[in-house]
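Below: a set of structures, written as structure tokens.
Paired with subunit B in one complex and with subunit C in the other, subunit A is shared by the two complexes that follow.
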Partner chain A sequence: MSRVRVLAGTRKGAFILESDGKREKWEVSGPYFTGWEIYHIKGSPADPNRIYASQTSGWFGQIIQRSSDGGQTWETPGGGPEKSPQGWPMGESNKFVYDTSPETGKPLTTHQFYDGTQKPWVFKRVWHLEPSLTDPDTVYAGIEDAALFRSTDGAHSWQELPGLRGHETGPQWQPGAGGMCLHTIILDPSDPGKIYIAISAAGAFRTDDGGQTWKPINRGLRSQFIPDQDAEVGHCVHHIAMNPTRPGVLFMQKHWDVMRSDNAGDQWREVSGNLPTDFGFAIDVHAHEPETIYVVPIKSDSEHFPLDGKLRVYRSRTGGNEWEELKKGLPERNCYVNVFRDAMAVDTLDSCGIYFGTTGGQVYVSSDAGDNWSAIVHDLPPVLSVEVQTLS
Partner chain B sequence: MIRVTLPFHLRTLAHVDDEVQLEVEGAVTTRSVLDALEAKYPALRGTIRDHVTLQRRPFLRFFACEEDITHESPDAPLPAAVASGAEPFMVIGAIAGGR
Partner chain C sequence: MPVTFQIPGPLRPFAGGKGQVEIEGSPATLRDALEALWAVCPGIRDRVVTEQGEVREHINLFVGREDVRYTGGLTTVLPAGADISIVPAISGGVVFYN
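Right after this comes the complex of A and B.
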């Protein structure tokens, strides 16, 4: 019988929630990496026992953790007593160094800071880890300050794909309230060379050549907080989702506005429709119905909680514009949590399961595509990310 | 033998329960102690000082012999009591609030 494994990253550690395909009874393990912020934890589609976690701390910096047994045990790749050929200890797995090599021709450029001055890129943390669709040892990392890194040796070592940060628009990128983070990475299963990423607050970008060159894909976005509202870059894209069976059809939760593209991001159109508010962070697509999408409307950019204290998921079965409120099993009153951009996921069971975590420490599941909800756990630390693995 | 005490989270990361003991060749300085610490426990590289710049992380402090030596030169000799192993070199996580 199929099982599901939910990976929850929180402010104070990681938790693993497991159930059979009914998704009624859950076993909870953790916290792992107790006391550390786990920005993201995600399993490899090529080997579900391989899981990567981004462990970070204001005191001690960045750690990358890796499991090869489904999360039972963990290691810091390269952190063991191994030596490089020169005799130096490796310990490279938490080393994210911007590529300034002459070979790439990409010196450490600058980006715009809050005060309008130009600042050099400085590594702060890994926001998102995206394992390869085909190779368990290959994984991408989206970091703050915004750049894309890749490891091809199981996270022992990391190399930047410098073409992105070196894009000619780089000096116009600027931090959002959460920092200048690369938070979304989508790998196209139909084209290994095609990768989508999103940065707050620069916007969305796409490569068609495996990461060597990038183009901004923000046409159709309008943002009131930048002087040129439909500028090529500068948009605060919060998250993008894509159903892997329909590559090129993208759904975006922007700072304000829910957007859709049917041509790999070349053009976007707004599909906020009848949403009560189109501000939010999380967005995802049903595993089997590529026109069914989910968002969690949040009141506003300064009021990061649901409208009227009622936690609601909204579902569109028409690819946007027409939205229905999903509330069965969700708090009806006094609920003032937020749902972060990486804190929503879907499983691939026949009856598609939808999951999301909140800053109040709840992880909710619906095993019937959103009709009915229940909390798997109530009292975790604030949830930063939720991913789910469907296991056979 | 140099003795080093680490904050809880770095002990967990290095898989040690208590203070660690290091052999340091040559002059005993903050730099040479941290070099030896990272050589013995590679998982700690990047956690106390930046990989590239080797700058101390802002919320960490270095104490020895009841003194805060954080802002001493990394190449200044540590107190004789640290060099002899009578006193530990202490890596401290600052009380810096949190959430």
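Right after this comes the complex of A and C.
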């Protein structure tokens, strides 16, 4: 029978939640990496036993963790020997060093700060890890300050794909409220050369040649908080989702506005429709119905909680514009949590499961595509990310 | 005379779970002692210093009760049998966005 493994990254460690295909009874393990922020934890589609986690701390810096047995044991695949002479772990920081070499065109070394001045790029943390669709040892990392890195040796070493940061618009990129982070990476299963990424608050970009050259794909986005509302870059894209069976169709939760593109991001149109508020972070697509999408509306950019204290998921079965409220099993009052951009996921079971985590420490599941919800756990630390693996 | 490092909880996984690590050989300065610590517990190095080799912004190092920021930093001379503490800065009310 099929099983699911939910990987939750929180402010104080990682948790693994497992169930059979009914998704009624859950076993919870963790916390792993206790006390550390786990910005993202995600399994390899090519080998579900391989899982990567971004472990980070404002005090101690960045560590990449790797499991090869489905999360039971972990190692820090640094650059040198795995153990000290005493047998203690190396815990190397998996150095993310910006590429400024002449061979790669010396990517621009400054970006715009909040006050409009230019600041040098400084590595802060890994926001998102995207394992390759075909090779368990290849994984992409989206980092703050925004850049895209790739490892082809199971996270032992990392190299920047410098063409992105070297894009001519680089000096115009500036941070959003959460920092200048590359938070979304989507690999196109139909075309290994095509990758989509998104940066707060530069916008979305696409490569068609495996990461050598990049193109801003922000046409149709409008952002009131920038001087030129239709600018090529400067949009605060919060997240993008894609159904792998229809790789040219993208859905975006922008700072404000839910957007859709039918041509791989070349042009966007708004599909917020009847949403009660179109601010939010998370967005995802049903595994089997590529026109069915999910968002969690958040009141506003200064009030990061649901409208009226009622936690609601909204579903559109028409690819946007017409939205229905999903509330069965979700808090009806006094709920003032947030749902972060990487904290929603879908499984691929016949009856598609939808998952999301909150800053209140709940992880919710719906095993019937959103009609009914229940909390798998209630009291985790604030949830930063949720991913799910469907296991046969 | 050996010196002793006090290891904070989050870094103990990199020190075999120990809260104290003793360094033999009477290191003369804090830098010497840290390099000896890295040799024994290499995983701690990158948690205490940045990729540029500077002590991380929110990490404090104390020799006895003295914050080394005021005693010469990494060149601080160690007394015999020094007790060196690695102390993450206390913080609260951190604004957190995601």
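Going forward, the second predicted complex is superposed on the first by the 376 of 392 C-alpha atoms of A that agree within 3 Å, B and C clash if a C-alpha of one lies under 4 Å from a C-alpha of the other, contacts with A are read in each partner's own complex, and residues count from 1 in each chain.
The definition used in the following text is that contacts are C-beta pairs under 8 Å (C-beta built on N, C-alpha and C of every residue); 3 or more make two chains touch, one makes a residue touch a chain.
Please read these numbers as outputs of a predicted model, since none were measured by experiment.
Asks: Given the touch rule stated above, what does A:L384 touch, subunit B (first), subunit C (second), both, or neither?
Replies: Once the two structures are laid over each other on A, A:L384 reaches subunit C alone.
Asks: Counting only touches as set out at the top, which of subunit B and subunit C does A:S54 meet: first, second, both, neither?
Replies: It touches nothing on subunit B or subunit C.
Asks: Output check: A:A177 vs subunit B and subunit C. Expected answer is one of first, second, both, neither. What do you get?
Replies: A:A177 sits against subunit C, while subunit B stays out of touch.
Asks: After lining up the shared chain so the two structures overlap, which partner does A:G35 touch, if you call subunit B first and subunit C second: first, second, both or neither?
Replies: both
Asks: Which one hits more subunit A residues, subunit B or subunit C?
Replies: C
Asks: Looking at A:F340, would you say it contacts subunit B, subunit C, both, or neither? Reply first, second, both or neither.
Replies: A:F340: touches subunit C, not subunit B.
Asks: Jot down the residues of subunit A that show up as touching in both complexes, subunit B in one and subunit C in the other.
Replies: On subunit A, the residues that contact subunit B in one structure and subunit C in the other are 11, 35-36, 57-61, 76, 80, 88-92, 95, 97.
Asks: Quick check on the complex: what are the subunit B residues that touch subunit A?
Replies: Within the complex, subunit B contacts subunit A at residues 7-10, 13, 38-39, 42-48, 50-52, 57, 59-60, 93-94, 96, 98-99.
Asks: Report the residues of subunit C in contact with subunit A in the complex, numbered from low to high.
Replies: Subunit C reaches subunit A through residues 9-11, 13-16, 39-44, 46-48, 50-51, 56, 58-59, 88-89, 91, 94, 96-98.
Asks: Please output the residues of subunit A touching subunit C within their complex, sorted ascending.
Replies: Interface residues on the subunit A side: 11, 35-36, 39, 57-61, 76, 80, 84-93, 95, 97, 123, 176-179, 281, 340-342, 382, 384.
Asks: Which positions of subunit A touch subunit B when the two form their complex?
Replies: 11, 35-36, 57-63, 76, 78-82, 88-92, 94-95, 97
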